[in-house]
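Contents: one structure, followed by commentary.
Chains: A, B, C and D, in written order; residue numbering restarts at 1 for each.
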């Protein structure tokens, strides 16, 4: 099976809403945190990739919400790569309440590689190091 | 065809990211704005619904990103209802760059009705007024 | 007295927090909205300024919170210029609940002009048009 | 000298803006993270305090911006208590770039204790444990 990264952090107060739970919008930030962490744990840096002139733009986002987190919960984002092609790649995610292990959210983001001019580009060779 | 609401506003600077365009996460807020506006334009208020003891929790979110918006762009969110059942309903969205009419984003959110205790509940009778 | 801009919008649901009111952090976005609106109403565009190679970086922020807003409240941001110097300027703000006129927040941001390289720069001549 | 908490985390991509650096608004979230962490490190929980019926509403916010952080920077928030009275307390903050030790931001928030009904209240006895 492919590499799965894990990163754990606390829910911030401002991520809650008037329902008393984490607003659904903030899980998008949690997925991003999972993605950043995945790349770091593979020994690379998305920041370095951007400085080298390529970005991974998000083209699709899907989130399924199972249970709600509340302020101060610790949450763990598990992230792994799905289908990768020459110009696109897909990340999958699972967010758990760290202490109970309950699944809160599952999700997927699809990305396309763009160059500095905004044109679709092949994913550069050096990125292949962390994409099996 | 069903009722379609439209609401138009400017992109905020803090919604942009280091790629110079609106970060993909912020479109979730734009969808929410579309949804609030839809309910208002049907002559109702989501705030009043909550005070009456029911919430519409988000269970699924899907967004497809077509083109990017930048700071100070005017964007228009078009919102309409999809499938509605006794306990769930679905909103569909299209976000356009107001001045050019280009489609930036299309999306969907699915909701389930919960009572104050967090239990799944039938959508109350008075809500049916704005759900055909 | 100097020009005062006004812009009015609805509180978004995700701007609330578990206390049921707008989280204090989001008023910073409201001030930014006031500032953008101020510049637009003076017939200029902050986006155009940036494209011309200068930015107004925030160096100081002060907010005093008087009363809380809730979801779906309409809020009006009143914005005016304070002290302006060759390299810095100050905006003042007042946020009101539109319907009642109650003052919710008062605030101030101080800005310094930077060029593309990040060096402190004189505020360009053409910006002086909207700065008395 | 009083207790100083430290908490360290990475800048998220969506916290950057089109200037390529962390948008000034997001430091308010970093201060909140510092405050939550301070209370945790004193062996208490703000969540538990709220469940017991009291909140600490923010009445004043001041931030001075010295240097900018970028995506993937590690930042450390140092937090300590300032003046405390029977109904109010003040937190002070310093945010550093973890790797270089450079000061990015200094700030202050002032809080007032409210009960469930929103009335000003004495800070409860049990909170005094983490307030010298």
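Convention: contacts are C-beta pairs under 8 Å (C-beta built on N, C-alpha and C of every residue); 3 or more make two chains touch, one makes a residue touch a chain.
Nothing here was measured: the structure is a model prediction, and the numbers come from that model.
Of all chains in the assembly, those touching chain A and also chain D are B, C. Looking at which positions face the partner, chain C and chain D present mostly the same ones, since more than half of the interface numbers are shared.
Separating the CA-averaged centres of chain B and chain C is a span of 26 Å.
Centre-to-centre separation between chain A and chain B, using Cα means, comes to 23 Å. A straight line joining the Cα centres of chain B and chain D is 32 Å long. Shown for chain C are the residues that touch two or more other chains, namely 13-14, 18, 25, 28-29, 32, 50, 70-71. Contact residues on chain A toward chain D in their complex (touch as defined above): 9-10, 12-14, 28-29, 32-33, 36, 40, 45-47, 50, 70-72. Note for the complex: chain A touches chain B at residues 18-19, 24-25, 28-29, 32, 50, 55, 57-65, 68.
Across the complex, chain D is touched by residues 13-14, 16-18, 20-21, 23, 25-26, 70-71 of chain B.
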